Amino acid sequence: MSDLTANFTANASEKCFHSRYFEDYHVGDEIVHSVPRTITEGGMAVYMAVTGSRFALHSSDEYAREMGYARAPIDDILAFHMVFGRTVPDISLNAIANLGYAGVTFGVPVYAGDTVNAKSTVIGVKENSNHRTGTVYVHSTGWNQRGEVVLDYTRWVMMRKKDEASPAPEPVVPGDLIDHVPVADLVIPAGIDVSKWNGQVTGSDAFFEDYEVGEKIHHLDGQTIEEAEHQMATRLYQNNARVHLNQHVEKEGRFGQRIVYGGYIISLARAISCNGLANAFRVAAINSGRHTAPSFAGNTIYAWSEILEKLEIPERSDMAALRLRTLASKDESEAQYPQKDSKDFPENIVLDLDYTVLIPRR
Amino acid sequence: MSDLTANFTANASEKCFHSRYFEDYHVGDEIVHSVPRTITEGGMAVYMAVTGSRFALHSSDEYAREMGYARAPIDDILAFHMVFGRTVPDISLNAIANLGYAGVTFGVPVYAGDTVNAKSTVIGVKENSNHRTGTVYVHSTGWNQRGEVVLDYTRWVMMRKKDEASPAPEPVVPGDLIDHVPVADLVIPAGIDVSKWNGQVTGSDAFFEDYEVGEKIHHLDGQTIEEAEHQMATRLYQNNARVHLNQHVEKEGRFGQRIVYGGYIISLARAISCNGLANAFRVAAINSGRHTAPSFAGNTIYAWSEILEKLEIPERSDMAALRLRTLASKDESEAQYPQKDSKDFPENIVLDLDYTVLIPRR
Amino acid sequence: MSDLTANFTANASEKCFHSRYFEDYHVGDEIVHSVPRTITEGGMAVYMAVTGSRFALHSSDEYAREMGYARAPIDDILAFHMVFGRTVPDISLNAIANLGYAGVTFGVPVYAGDTVNAKSTVIGVKENSNHRTGTVYVHSTGWNQRGEVVLDYTRWVMMRKKDEASPAPEPVVPGDLIDHVPVADLVIPAGIDVSKWNGQVTGSDAFFEDYEVGEKIHHLDGQTIEEAEHQMATRLYQNNARVHLNQHVEKEGRFGQRIVYGGYIISLARAISCNGLANAFRVAAINSGRHTAPSFAGNTIYAWSEILEKLEIPERSDMAALRLRTLASKDESEAQYPQKDSKDFPENIVLDLDYTVLIPRR
């Protein structure tokens, strides 16, 4: 614990948000997160301004209606951030590292005007051998004002212990973490029909049939991150983790500077991937994700992808799914595809994302 | 008057906004400010992106409706800025210093879709002994499209004289500046009932009964200001005071850099105060406020508060009021509570705000 | 072609947006641009946050309704950017320089909720004598979801050839490029009546009759550009031209840094011009425009104008038009009016815009 962090802890009033430590999580605990959030056209515009995404479905109410949506749904990754933002005060404030995600499944579409809520259940705890930290596993769910699930995921983080001397809990590691979300669990929004999908409108003629397993696509565009941009994105989600927003503390920290919220890198990678995957209209699942290195203001983010699997969806002739691996780098435009858990993972790669998108068939 | 300012004045066409000088204000003058402003969900989102506020009432339409609001009202401090922004071309452009506020009373809630207007009446003028400057006192009022008052306040600023040789006006100093807004003058929005207020939703179990006079709360979180953030906030309010937006002039100025609009510091302090005061759902009044030092891009803002008074509200069993003193600092996380008008006020403290919030009772 | 650009080209998958080269344009080709865009209150708020515009018509739904609008229309220049943003992947990605505009005519007002589309027809091509580049002329049109034209313009850009050895096409230079949009072609929005225009509301008493041909107005205010601001503006429009957003590439480029989207300078000049032209409520046409030098983050933009012509509008007693020349500079507040195509054009002037505004009559 750094002196500054200790100082924060000493200063914390009983009335401040409870900054939880490893000892405060017990398997079976359910945490209903505070501060439900109504998502608006305003949030969508700020998100556009910090990502520049060009996916047609999220750009045009008219086109979205033609596909059976009520209007343009919010970007799936924005929905992720809005749910994630609910969980930060209870899960992330004292987290040392965001270790991984699994089984991230997107539910009903989210529209401007919807209000999202979130809760998390502790499903695992395991103290590390150093007795100073431990891993906490949570299963989190986000839902809208009608109680419909908008997001469901498992996440594990490394937490600081408050007291090294406190006894280690019985270790519980969830045994059923899925490698990837099966097709049967992907949510196809009700009433959607993309049989009239229009490549002229989206800017791409590449449909499901045009991609091959093993195919690699460089998305070309790079985006340079400014401090104001990642801070504004992070605050838009009400993610108040200190490490992203407080230079006065971070200048004394591990990197001497603020760290960009890893989710912002996912947003940039998804936005950049439009150049090559413009018809991948919905992120249906994130099978696993790893922030392999931190990003900072001044970094230029690039992204490239590999098609891992082509997945038929039963009873759908209008759409199918692609399982993708998208890698994002900082200040390095050359695509590399290192082995997933390689020891000598290239240090400029900041994101390794395995996810499943829906895409129209010809 | 700096050379550059002189240059501006010489260049000004008759068709430009009238930059008023001390001599241009006369007790009794009423100035109806130009450019009414419709506030939208877009403005609320930009405000969220530059403050990260977590007050539940402003985050969730659903929760706001449960309390009797039509939907989530805009943040009170955003309402302040939107009214204040109307007054800038007439009051602040040539102001040397924003000396103080008194009796700032918040009226009906402001919602997206409302249009605010503002006017100011000159209630005092007093030339300084240097014959180069003087203090102007104005009473300003903001109202919505239905003529309902949304904000009412007294403010005094130090203005430059255009001509040192012009005769000093009869000094008038308003004698009835109130020390604080009495409970009887606080506006409780019609139809609001917070008896079902939910600490689970807001993230805090601390209600009116849980606070004690003299209690001190450190709000812990620090937020680092970027140039783009304070400029975007300031322009959102259409506050066009040169000192915040023009580095070409300010690099030759007193500080060599742009000064952050003091109101942005109030916004950050209020947002940061949510950590410890999450149930203080409405700023009902600002009793007095002082920007004790300028803030600049790169500064990290912290805030802490003291409970000054606990105030019952007649005929209300669902809510009461707290009179608070919130101090904000730059690049200094240690809480200090100097005497209000102390000569050796700590130089890192940038805001000393005495205000009254509404908070539910148990 | 820089090595980095060559690298991008080599990496480009068939599935990426087609980066067109000079050889890919043929006179008569019609390009329907992808990604229609719904404009929202959110986009309007972000635009306000990066420009600070104070034109009353775009600020107040109430005032706009009094003039016969459905509500506050979006800023005309924002409408321009939104249409322009559609065309970027097809026209600008490989452009070396944006050479000019002509006959930019604004159509029906654009409101939040409207969706804009765009198409371009190639009307000219002319290879340069160096055989490495050529000029492409396009006529572009933007329309809304009801098929009503919102913008119509001619533009010419200098494009790179893909292969220097490829044969030059038959040169075609459009002969009928108009010097300025005639009054008869200006679009007066249906149902608008500004006979009750209110100088108190707009902040200016200067109406059509008060301006004289040859009159010069310095708009005084300067605005300093931050990287985050111009990037957010540019991405809001989904303008994904690399030169504005990718420091990793641009640090090796001609200027060693990102170049500000020229359209952002037009936005700032228009916003700044409110101080002196507050009643010029609609940009009806841009007769010609030239970005005379690049702008970069850190520059402070100033603007000044000359009245070129006073134009009566047949059968309108409530309004008339002014043809204006507005110049914008970087880091130079002194107004200069060089000859339009002068060889020794002052290097600090970044914009030379000839345009026509509507303004109420007394």
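Observations
Each chain gets a letter, A, B and C, in the order it is written, and its residues are counted from 1.
Everything that follows uses one rule, which is that contacts are C-beta pairs under 8 Å (C-beta built on N, C-alpha and C of every residue); 3 or more make two chains touch, one makes a residue touch a chain.
This structure is a prediction, so every number in the text was calculated from the model and none was measured.
Comparing the contact residues of chain B and chain C by number shows a mostly separate set, under half of all numbers used being common to the two copies. When the CA atoms of chain A are superposed on those of chain C, the rotation angle is 120 degrees to the nearest 5.
Averaged Cα coordinates give chain B a centre that lies 36 Å from the centre of chain C.
Shared interface positions of chain C, defined as residues touching 2 or more other chains, are 40-43, 45-46, 112, 226-229, 232.
In the complex of the two chains, the chain C residues touching chain A come out as 4, 7-8, 11-17, 32, 34-38, 40-43, 45-46, 89, 112-113, 115, 145, 226-229, 231-236, 238-240, 242, 245-249, 258.
Those residues of chain B that touch chain A in the complex are listed here as 40-46, 48-54, 56, 59-63, 71-72, 112, 200-204, 206, 210-211, 216-224, 226-229, 232, 275-278, 298, 300, 302, 331, 333, 335.
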